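Let me begin by handing over the structure; questions about it come next.
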């Protein structure tokens, strides 16, 4: 479908522009009976929202979510859930300059090429604000997963040249860059301050671990679980790389290094290593799903850049306003939420995999 | 959908198991009027088939494609195109051993977990032979692209620790590892021979360049062109990483390094560099699409490995038979074909992007 | 997908409950460049809204549509269009009675069976108010069709035993029952008054004519244009029959009667009769598309009915409040709108049917 | 998708032309563990195949199905099932005449308009032979339904002016016209003989009853169960009307007549009448699903007809060869099979409706 839907059994449709009336999402196919209120969603949105640290834009967005449908007496009804975050901070400023040229690293040029014109206010549809809608939907998906003992933890693995050395999940929400390593976080913060001084920005890597996933989710061939995760993560703006398990390192290793030996442990099949990243042949193997996504640096920088006007004239620009020097810390929750949506879809789809379980499900005597 | 379909306007469904009756594909939504015969398809299949070099399995597969429908008097009719490659080499051998345990790095365990049992003959549905179907479909997609001046070139960028230093497209089909660099190819061949001596295997990286793509393909938000490419490539077995443009390097670079300056050149918008990899905000920018996929080493190795039986017993195995020490050279054409399918879909979808062009298309006076 | 989406290239997702916060729709894949404002939508909604005559509920719904996204400077941008009609008339009344039993002819029982409970306020998701969302989306589709000379006219063909004898399109909006026959309209009105006196309701038939459709829309086999129209119309609540062209009469006729002779007329292929209803083999033939949909009587009637409580007790009920004695006149615009959505989708999809036209479309010299 | 796919969780793709190499289908998403062999499929195909009576074409088609994938050791594996019926009776005859003009009532003209040319041999893709593929797929769906106590019975309700008066299911396969009423069958046979003498053909009505369907299948709003059935049945060539329950009669009845009173019977919710046809608000209510489809007369008749040539010349034609004077008896099994596919999809989709059941399904202690 053309552009703004995702998922099969649980399916979302997002809408909204950065400086339009609001950002929203409709979630179709959400199971009935989930206890849900705005607070459940807001918790996730608050991790994404600007103004959390000095590395996020100062825009005073309240980003308050409203649930408009699909919940009755505190529970999801099985019908579409519509959620909206209205934009209250649409300062009417002068966009004529930004409308007149193409910002490097942004979708300005490609949007014009596709649609003939564009909503140039703050990036329009291509703004990072679009991820609000995904986070709202993903918060519901995460709630479903939690009920089943599945837990998703994403975090900043690196910013520019600074990588983590340790993994302490308690640290993630304790520093401005969402690193599970307090020392690396300090270094990353110092690096970002340097970037800001140079009117520059930085990229980074987000890692994501999912535990408690039952074996059997996904499919062989064209609908592999990792293929759907790859699409989900690559649909987040600024992502330039995606890896599962040993990732790109697998390409330079040997079979004897990369194969995960299988052992019985307390009656369960286990893997000595997890180069597979929890997925074999497109199907979850019960181990932790591990993946990494590389994000490019924020393209909006105030140092001078070469570009062209819509009229085809070479110019030099310097982008005004304050922008996040790195988007990675705010994108952590977006990675979690897109992952959650893929996993819930795979969980629901997998219920149809075996005749015996289907017959069992509909057996009136087992209800 | 559940597992074996791909694409929206041009849509494929693949079927078949390694040692079943054959492998096949149905292509729905292929435009009418394409000149097409078996030779067009066979050319692509021959690049994938085994027995091309001493690094591919000796299995004497003829891999002859038959077109069963959708072509009349040498042209596609607009109706579904069914293609099949029958398996003539299904030696009835004893699979009881392989049926009894789970091969590390393979889908044996996950298949059993999902479906309750599996076709254990040669990997069944999870065999690399499944890509025959994709290549057959992608050969048609490539023919469409060629008519529009779009050209896809994939090649081996690295094998194990050996990477290319130069890019000479003429070299790609001139060496056994499909490297565009004759000297690197020799080193890679030496490395693979070493691997084989050690009863081991190697991973590698495939790069892919697409030229001639018009600006405007893809969508903002959830159906980004790069997201669909990511899914397409990650749906190929053994892929562990996917990158676009500057890829993972973007994560450690700065905005001033990674943004591609825009300039007018002979009346056209051009980019001084191509860190974007030809896609901005999910939409093609008219530049070369550049991407890389990392493949893990062939999991079937004859050196000893730890695993468990279906019954839950720890054992040591040594996989018999001859297997490719690296799958990368044969996967080059698979990467091209999956890319072609995504691009044709995006080309068709993009025709609906602007009202003026739709009105124009249906204007009887312009026919 | 699970329940609330429709269409492929232009795709809608509806949400909302009768007495929730509002009813809404997101339209994805709408081409860029359509001049659009709230008035364009409101015109259609006004034909659906209650309170138009003494045969529609008195509920003082203003049904004001707001466009929340996808339009910039008066034109669609190609991105999702979110529209909402807030519910301002959610009188907090006592629903405990209606919550306790299953109304005959309604979805109360089936909803409980599927989801375990239901939003019982005014029918919840199963209310006719849900069609607000379809009308809002269909208004946009109709605007696209109008630009291409395609015109859709639906009207009431019969109410209870009263059928039209003449077809004067000018009359349709001139009477309370939307019949293109003033005399039949009077009879229908008299019949409805009788129904109301008896605390009863009536069914009726809506006919729909579409002119200006180019030949070639739709597909052979599983995605026939008439099959998609059948689904679209049957997805409107209360529809119990759907017919194309000669409809059910075809079943009792002979081939020599039912085949439409083909003739050349002023250089064009024409059909002497239109038993096909404008569609042959699933593809439009350029003639008027003609179809009929039969609607059941409003199930909410105040005369006594037998039913059961949620607890499984036999009771007699009499449904309070005022309800439309017939839904047909208000459903006329819903039929038009669902038809418009199917046709726009078919128009967009058909652009990909022929290689020569695709090549032409992308030929830079023809732009 | 563009034309030849159907279903969401269980999804089919059909291919083939009347006089091409064969007709086939791929079934994706079929659950693992169904005992399946060619005989299961052949039973259904035999009810569709020609040569069963003097009212079906004499073409000596053996219509033997082969299963090419997805079954291992007698059971479905969960992977795509590819089935093919090769065409062994492609007599090379002269099609130049039929290629030169448009047969009334056929898709010849519309096919040319859409695709620019057509496979004119025996109707090509628009031939009734395409339903072979649906029957093969539906046979599997029927097997799944049988395992769950769901039973589908379709039959001829009327041929031309001759309707059944009684319903004796034992009779259906006992007469050439598949009527559940031996006396009506004789009258219908006499009527058809008359038609043949007049070089004419007849339409007819197929009714279909489904028992054992659990309440809860389908969805409110856009994906109503009846809407999906309407599409499925209307995708069969020659269908001109579709009705559920009281069908078109509902339009002329009153609410007090058409509402089905609800009563408790032996602890179960039951309906005194079944005007709903087993579906309320788009969701199954546990009662028998009842529907009717009206088929137009076979368009190929040997009496003289007016038409035009591809070149635009008015001519008179008389279609040679022998054709079924009525397609209804052979279409009975097609109606059953399309119904089965819709119901299996709805059964699988409904498993995801409630959180409590999903949690239960994945609870390892309940496995």
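Miscellaneous remarks
For reference, chains read A, B, C and D in written order, and residue numbers begin at 1 within each chain.
As a working rule, a contact is a pair of C-beta atoms (placed from the backbone, for glycine too) under 8 Å apart; a residue touches a chain by one contact, two chains touch by 3 or more.
Quantities reported herein were computed from a predicted structural model and do not represent experimental measurements.
Chain pairs A-D and C-D differ in how many C-beta pairs are in contact, and the one with more is C-D.
Residues touching across the subunit B-subunit D interface largely coincide between the two copies, over half of the numbers being common to both. The geometric centre of subunit A is 44 Å away from that of subunit D, both derived from CA atoms. Spacing of subunit B relative to subunit D, judged by their CA centroids, is 37 angstrom. Between subunit C and subunit D, the centres computed from C-alpha atoms are 26 Å apart.
Across the assembly, subunit C contributes residues 1-5, 8-10, 14, 29, 32-33, 78-80, 114-116, 125, 220-221, 349, 352-354, 356 that each touch 2 or more other chains.
Those residues of subunit A lying in contact with subunit D across their complex are 8-10, 29, 31-34, 76, 78-80, 144, 147-148, 214, 220-221, 347-349, 351-359, 361-362. Within the complex formed with subunit A, the residues of subunit C that make contact are 1-5, 8-11, 13-17, 20-22, 24, 26, 28-29, 32-33, 66, 68-70, 72, 75, 77-82, 84, 114-119, 124-125.
Taken together, the subunit C residues at the contact with subunit D in this complex read 1-6, 8, 12, 14, 102, 104-107, 109-111, 113-116, 125-126, 130, 158, 160-161, 195, 198, 200-205, 215-224, 226-235, 237, 239-248, 250-264, 267, 269, 272, 275-277, 279-286, 294-301, 303, 305-308, 312-314, 349-350, 352-354, 356.
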